[in-house]
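Quick one: this structure, given as structure tokens, is what I'll be asking you about.
In order of appearance the chains are A, B, C and D, and numbering begins at 1 in each one.
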């Protein structure tokens, strides 16, 4: 299968990132299956047609129901707001289309399970957009864990800190509305951390969390796009219905202890998506704001030169790096999507399921909801309850 | 009161740090009350007499019960193992001596309350050794909080990471035995974090924790001192009866969310005593391994130059710094004790209670035990329950 | 002028970077003039045809002399090895083509002056590829200088450190041969530093340098591409005819002192292109390995919170950043080329010369040669001598 | 020789640092020879008597000529202003006293040679106060070099950056007057870098430098002590007769290239005394503002985890560290003096010359003057010319 024809629904922040990934992939990874940017879909015709032209799509449509049935489309890429994921995915699967869905898969665990079931019944490929796995530095962390070079894992701690809504006059954008976003920092940011934990450490046994909405009312926005929005501070105010911050602790199945924090109220942190793993043979630290770097420590280094190494994951020995620039020449956020799409295309080339796929999406959703339940019921919640 | 005559019980790690603080204080802070190193006390005569000579004490004794009654002693400094604190403190208070006790105050909250009561009934001064408060960078954090320069506090996260017992053959030293140490990483390391949280953010409403003992049996040591020990890996093994790691979450009375982690299993972290505070107007970050630095962020910096500043707290405007060296010339761990003793001597000079005192020690103990209870009972525990 | 049709000569490291810039520009900067990837040129037909397909060029040719005369080409992009720049540029200018030439402009100052003269006589636009100017963090440094926010400049120090040829068995690639490369670390790396110095601080009065070739003979390569090469350590050896490292000092016209170091023998430095500026009101520091960051210090910060700020140049207030991702989402090396091409296209849109242009290339070449002369003659050399 | 009786001349910045070193040494290094603080000397009786009391000296005097002849004194410690070093050292040597002299040894190379000759003729021990050698992290760098773990050295670059006189109204303290200080940033800061270069890399063949006095006139001070001073900006102005900044380049005898910069005009740098060494097998980086750390890189690390390690030189395997606190507990500026005095006392215990001694002081002075000559004569100057 030399080409895959893509129909994509959504063209804002994630839509732009995905479009660019499709554009760039064949230039830097010419040996894999080639995605063809067939059609872009959005509700607003002016918006979607302009985006299609700007991003390089062959065509556009305003009707996703029509799109998912088109014979000339192999793969449906879903990055519309979260409340739309489920219906689209199920319809597309029913039409035999492969699925690439942004995280979170759905607003609820039950919905995400339906989506997985639909995909499996249809026998299509399915991928979920946990793009941070695809930073070369994260891939290096995974490799060190898998090769046993960190030993037995004792600790995983992770935090995703942002600061874009500290201002109490920042408008009530859709990401702050539960009925559209499903969740606040927890589902938006925490979901990434949970996936990284699953990827790097493994399954969790039980969780307990707490959360807070620091600013409970905000002015209604006059317009919004991506993470930014416009509005008057004097506009009528509405209720913030999602969490501003969620923290939780977990015990992993392998005995490791985990702690997680997702917040949009950490001044000075534009996008600190960070984790650390401590094992019996070594440790690693990652911070997305310095995404090309992994801090690595080994207990068996010579005793007078033990210390965290700042590894710049741009050498030919690092995942994906050889496709880019010489060592020391860094890459950026958008490259995580190119690598993600590479994995998706490789799955086509090798005829296998990509990873992460809807199983991972469901697993993440189960933890998200277990945490929410633990908050509601003020108790430890086992993942298997879910 | 120009001089205070000190009798000190304990002469290992903390005893050395305190001795040095008494020695150095008059040279760098000549204007405060002068501590006189009157007598050192320990059980082993050969050890204590050698230490007294080496550290500069005027005399020594092996009998603390005799020491606390001596007329020529004003202040009893208690840094013997934790299980000895209570009896000494109560006897010393009964004899009208002022008290300076290492943390944790006692093995239990009840004991620590008895100690506070004894001190208050005797009308003596009492201080507890939370020395990390006295790093100039921590003092700067406190100043920024108190002056409102960080605004409303949303988050406090803290972790105290060490790695000295990752090796499963490291011997079973007294710090790993509950009957002597009372607690493991929680009471040893977590106690410092809890005090910093109280100092910087305020009281906590409720907590929930988890802990783990990763290595459950260890060889008995042949000798030990401070944090180091000797022993054969083939020695008979005994049970580790304290936690290797404890994590907990809290809600502060002021609405902030807190997370805490103390562990001795974080490879590569020799002594990462670190915290971060996020407020509506700014943030600060501290790491004891770079104890002269405070990372400071303000939301009202000009929009094109916003970022965490690395403030080296060695300028004349910083606490204690003017007594030391020119700007940029850093100080070390032992200086926290010199500043701590400075506070104690200032309390004499100004005839007031020093801070932190036994009230702070009891407050810390209450949180420690509330966390333990939350672990035993797998539920949120309100501090006021304690 | 809505579109500019590009013919590009060279398709290795720089050719790939330029191609990608042309591909990405219209998607992220749709409002500027659009470059059309008309034809790619290289000597090896198999190579150039494959590259043209992979990179997205409409066609290809193996004859640059034919290319520069084609009516359907507006702009000639020259990124062939340095010894080919001059002939191509002069021929292209004679044919009325606009010019975009990689640095260094030519092998000698005299040649670069001819190129400038040719471009000026032809009345075409001309740009030279000093791409590092276009990192948003560097743009921020420039803005702070221009706005006087650093005050009077006292110091500029810069170093470009790499480590890719430390191994004495690394083959004798073209970059190590004077007749092709013109210069070693000096012309390759130092040239970038010199341009940044001109851009950020201004003209230099005089220079004095020193250099060294640490490994004087190397095995001949069997093949090479970009910065990498293959070869046997047992291959016959040839003479390294360029410098492995060059350092020099300068006095700027404005009274500032400058120091420069370019080396390929700094173990651990994959691509440390770094500079610092110290002025009477503040300082900035930049390191390309963390290219999204600028360290900024102001002398007029409140006295208790003075320190270098780590500014992540990804906010909407930073150059180019609004075209990319939300704050905190970093970009990479290749983006410097996209911004560079943006400047070039803006020059078309606004009908002006782009910056940096051949004047800057000549100025840089003059310093390069002045340094070489200062090394040969072991004396200070005034730039105006050149 | 169990004790050495010290007479010390000077009691300001360095005098305080030395006094503290004598006080602390026996407590932390009880196995070495013990310095006895016999007598302190200064011109102002009120000042010196107060200092003697505060610092813990047994007595004081205002007449150094009397002091150097006293029978009960073994060692003369000279930390008076630089212009007084020579006469004191020669008189003390003539009286058979051992010598410990702050750097720079003297105002001129000729003077420093006279001092060395006097010491050698008298057969006394002599040490010069290059204290930065004694940071454990610097000792680690030395160890790595000596053990060949960095391989062949290619580069040494060093800079000592301060910012305490950027304000043009900062008074004309003695350090800015050539007749007292001998030199400005060059002799004060550069001297330390030169000594580190000698210590870590070896002898230099030739040098060329440049310097600048950015602020040529300053108000006369009303009082001054250490690095600080008071004065009115409206006071009469005097001429600054030393350099504000000096840079130079060198070729080492072993073929390495060196670059040096000393300045008091680097805003944001309180005390950045920093160097980097690049060798064929590895590199090290040091910054005094983080003096407990050495960044270490090895070329033979596994290819996927190569990177600079941040080694905290507080482990038992590091020089001096076992005498202090557990790993991760840092030390400060003053400890360099304690270690320096330890070396001096060990020299007594082992009856050998300490290092660095007057030979090192003379070597440093030769480079300082060679640089000055290279500036005056605008040419490379060989060290052997001196």
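The definition used in the following text is that a contact is a pair of C-beta atoms (placed from the backbone, for glycine too) under 8 Å apart; a residue touches a chain by one contact, two chains touch by 3 or more.
Not measured: the values here are computed from a predicted model.
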item: Winner on C-beta contact pairs when B-C is weighed against C-D; value: C-D
item: Centroid spacing, where centroids are CA-atom means, of subunit A and subunit C in whole angstrom; value: 35
item: Subunit B and subunit C: spacing of chain centres that average the CA atoms, whole Å; value: 54
item: Whole-Å gap between the CA centroids of subunit C and subunit D; value: 41
item: Residues within subunit A bordering two or more other chains; value: 269, 306-308, 312, 315
item: Arrangement of touching chains [line / ring / star / complete / other]; value: complete
item: Subunit A contact footprint on subunit B (complex, rising order); value: 154-155, 157, 159, 161, 163, 166, 208-210, 212, 214, 245, 247-249, 251, 255, 257, 259, 261, 263, 265-269, 276, 278-283, 297, 299, 306-308, 378-380
item: Of subunit B, residues touching subunit C in the complex; value: 140, 143-144, 296, 298, 301, 303-312, 315, 317-318
item: Subunit D-touching residues of subunit B, taken from the complex the two chains share; value: 13, 17, 19-20, 23-24, 26-27, 30, 54-56, 162, 164, 226-228, 269-272, 288-292, 312, 314-316, 324-335
